[in-house]
Amino acid sequence: MTAAATPEFEVANERNKRRRGLFMALPAYLYLILFFALPLIIVVVYSFATRNRFGGTDLSGWNLEAYAKLGEPIVRDILFRSLWLAILTTIICLLFAYPFAYFLATRSQIVRNLMLVFVMIPFWSNFLVRNYAWRVLLGNDGPVSRLTENIGLGETTILFTPTAVVLGLVYGFLPFMILPLYASIERMDWSLIEASRDLGATGIQTFRNVTFPLSLPGVIAGSILVFIPSLGAYVTPEILGGAKTTLLGSYIVTQFLTARNWPVGASVSTVLMVVMLAATLVYFRKGGRTL
Amino acid sequence: MAGNAQQLRGNTRWVLSLNAVLVYVFFYAPIALLILYSFSDDQLVGRWGGFTLDWYRAFGQNDEVQNALSVSIRVALISTLLSVVLGTMAALSLERFRFRGNRIFDALLYLPVIIPDVTMAVMMLIFFTSLDDIIGLQVTKGFTTITLSHVAFSISFVSIVVRARLAGMSETLEEAAQDLYASRWQAFRFVTLPLILPGIVGGALLALTLSLDDVVITQFVAGPGSTTLPVYVFGLIRRGVSPLINAVSVVMLAASVLLVVLSLVAQRARGGSVT
Amino acid sequence: MKTKRMMRLLAALGALAVLAGACGSDSGDAAAAAECEAGQTDGPLAIYNWTEYMDPELKDAFAAEFGVEVTEDNYDSNEAMQPIINAGGSGYDFIVPSDYMVSIMIEAGDIQPLNKDALPNISNLAAEFASGLPYDPDATYTAPYQWGTTGLGVDLSVTGEDVPQTWGLIFDPALAAEYNLEGSYATLLNDPRETMGAALKYLGYSLNTTSEDELGEARQLVQDAKDRVAAYDSDQYDELLVTGDSAVAHGYSGNFLFQFLDAENPDQYTYFVPEEGGTRWIDNMAIPKDAPHPCTAHTFINFLLDAERGAQLTNWNLYASPNEAAVEFIDQEVLDDPIVYPTDTSKLEEIEDTGDFETNFSDAFIEAKG
């Protein structure tokens, strides 16, 4: 990430590079403007509108009422609860995914590819069916409960507890952590690690000072891919947590699809997007600088 | 890639292997249950009713499910292909070049990851239907609108994974290749592409998964006869998820395992690995 | 600079798009009924219906009799279906909205008046359904499809046979304890109107109340029941009951019936609408305003209003039929089942759209859950 000083004879080259960069970005850029940014304006516009008597959205007479709803204490509770759950999920995913990706990266080519594909295969079944399978596994008198009973831990009823929600979220998002971690650990220059060990560093020292910093882009990308979707998750908390507490994702769904209050749904989404975008950009820049 | 089959030392090796085993057990526990009950002669998943192949037979006779499965697979393949190409180009442009507007582009790329899916669903619905009112373009909702929407969120996931791969990777190899009179395309094809391939593959796997799992967005941009499998299953839950859906999932799992095995065999036969 | 200008232009375009879209969908001009004759078809039929609500054989029979292609897609909630129809260009010819949603869709101009000349079989409807219902007072826009109730499913092996038919099993801890209901034994529907409605009924109020105080009392009641609730679930409550994950479940009649018939011991379970009263819901056949083939849709509605076909539908999905002429063709055991046809319908109430007060219901529910 070093922008070297540009000698004069390379100025033309630099300009050329800029053009190539834009050219390369253009297809995705245009696509996202057309099929994402334009539609997104609708969300922003709706967030300033009013729900009419029949749950339609009145666009005349813009106001900030929908945003005022964000100040209610219940929304703040929901937000903190969701943040905590998302952070917990991200940390647990990282704890299991990092050693897994590291292990993967040290296997031979063919084993590595095979292991990677077998990480993903379960996720080509069906999201809901997987969640319901967990419900059966964790349920009253289910396999997990019987297992703990047999090994003398007594019956465990995990279903419909916060533990079940975290477990479900970790299950759903673990691959999102593994893939970017693997992609960045796999390209690591292993001779640096050997050099570190040869110079007498312990395994832990090497990990802290060499391995981990080198894999940081993967850690950052992975934690974003896990943190953000778990912040908005609602199906897993409903199926495995029994919808007993409202989380951010289900709050937004409720506004759109139950209260039919689109302006509030849109305003919560807008604020969420602004805040998370700012946080993401800062996180990435910071990650970039420490490289 | 130099020396990545590095030797792990003593304890580390055991801890890492154990962790890998745990992760796989965790991944496959619900899958095992799902497979088991696809052979159970009982409407209720979780209550064993004796061995049967009825659910597979029912799948063979159910046109609706078959149609939904075929729509799902086609949407998933096309949207993955498109988003891999667009997402990889986006990642390369952002990691390798500075250009006008790259900051905005950077931000724009994260938004599809951040936006709640219901919100995106609603906005895509309004967007596609209002195209008719503004520019007189009548969009028939269905396969095309579903695919376009899936690409819109998948691009971001692909580009994030590819960027994780590219970050901090030096350009010296490509430059060397170009110094040796390789064309830009050759330098990309024979140097850059192999280097970033694991990132691309990872991104593609994610895009495929996201497309195969999406319910809400698809539901809102679908039209008559373009129901995908997840949308079908979502509707079915009201009346109980019968093991029929397990059977469909098992068929999909089996097909994907078969594909993987075939591609490995093909790779072997060609006598070399891609990377 | 260029990008900035371009972005601004695009933003303006987008805003225009939204406004145009809004104007387009809000123009609820009272459309005239389609000019169709009985039995006329004008193209293939695209059905948009709840899952597993239409006997596939009926679709096949219609396709064969009229020589048109029939496709069906499904939705899982009124609230997911309505915006899709409202946005326009959905491509569907036939939809099945529930009671309160019908009034919303009429108001929003989403559905077209029915041409009664094309529906001779409408005379088959029972009197209470034919003369128009609160949500469609003159029966202008819809014809009823099927109806059912919301109540409680109970595992009698936990409570014993002589369980009182009351919402108190959920809302009264002392009564619950009397019938061995301990811990988190209940599931409630994850639906503000249904669950707040149950509490309102228990308190003796209307479930369509627009009184903040009454709703506040109901909220307190639901909140106090929190520890006794295993899950708020609108999809799998019937399965959770038979797997033993719950002992009392709040849910829809037909789902329980299906689940009980499959259980090892069907007599172990019962379903009732508590004596304080509960919800009756009525689903209705309607034609979207911009349906591509309104005549085929009319012919299909008339086809389903036929006595034998109406009976076939009830025999297949086990929900009650509004079709009086169909009664003689409905299986006797279905007619005799109090779960399908409750003996006393006087204490039932339909959910009505409460307009601006709807958001109070969802807020109260979210607060009650905490």
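A, B and C are the chain letters, set down in written order, and residue numbers restart from 1 in every chain.
Keep in mind that, in the parts below, contacts are C-beta pairs under 8 Å (C-beta built on N, C-alpha and C of every residue); 3 or more make two chains touch, one makes a residue touch a chain.
Being a predicted model, the structure only gives us computed values, none of them experimental.
Asker: So which chains count as neighbours of both subunit B and subunit C?
Answerer: A
Asker: Where's the contact count highest, between which chains?
Answerer: A-B
Asker: Could you give the separation in Å between the centres of subunit A and subunit C, each centre being the mean of its C-alpha atoms?
Answerer: The computed centroid separation for subunit A versus subunit C comes out at 35 Å.
Asker: Give, as an integer number of Å, the spacing between the C-alpha centres of subunit B and subunit A.
Answerer: 15
Asker: At which residue positions does subunit B touch at least two other chains?
Answerer: 46, 100-101, 122, 126-127, 130, 234, 237, 241
Asker: Which residues belonging to subunit C are in contact with no fewer than two other chains?
Answerer: 13, 17-18, 21, 25, 80, 236, 243
Asker: Do you know which subunit A residues sit against two or more other chains?
Answerer: Each of 33, 37-39, 42, 132, 139, 256-257 in subunit A touches at least two other chains.
Asker: Quick check: in the complex, which residue numbers of subunit C touch subunit B?
Answerer: Subunit C reaches subunit B through residues 2-3, 7, 13, 16-18, 20-21, 23-25, 46, 48, 50-52, 71-76, 80, 83-84, 87-92, 234-236, 238-239, 242-243, 255, 258-259, 262.
Asker: Going by the contact rule set out above, which residues of subunit C touch subunit A in the complex?
Answerer: Its residues touching subunit A are 10-11, 13-15, 17-19, 21-22, 25-26, 77, 79-80, 82, 86, 104, 107-108, 184, 187, 190-192, 226, 229-233, 236, 243-245, 353, 355-356, 358-359, 361-363, 366-367, 369-370.
Asker: Within the complex, which stretch of subunit A touches subunit C?
Answerer: 33, 37-39, 41-42, 45-46, 51, 53-57, 59, 74, 77-78, 132, 135, 139-141, 159-160, 238, 241-246, 251, 254-261, 264
Asker: Enumerate the contact residues on subunit B facing subunit A in the complex.
Answerer: My answer: residues 1-6, 8-9, 12, 15-17, 19-20, 22-24, 26-31, 33-34, 37, 45-46, 85-87, 89-90, 92-94, 96-102, 105-120, 122-124, 126-127, 130, 148-149, 151-152, 155, 157, 159-165, 167-169, 195, 198-199, 201-203, 205-206, 208-209, 212-213, 215, 229-230, 233-234, 237, 241, 245-246, 248-250, 252-253, 256-257, 260, 264, 273, 275.
Asker: In the complex of these two chains, what residues of subunit A are touching subunit B?
Answerer: 1, 3, 17-22, 24-25, 27-29, 31-33, 35-40, 42-43, 96, 99-100, 102-110, 113-130, 132-134, 136-137, 139, 142-143, 171, 174-176, 179-184, 186-191, 193-194, 203, 214, 217-218, 220-222, 224-225, 228-229, 232, 235, 249, 252-253, 256-257, 262, 265-266, 269, 272-273, 276-277, 280-281, 288, 291
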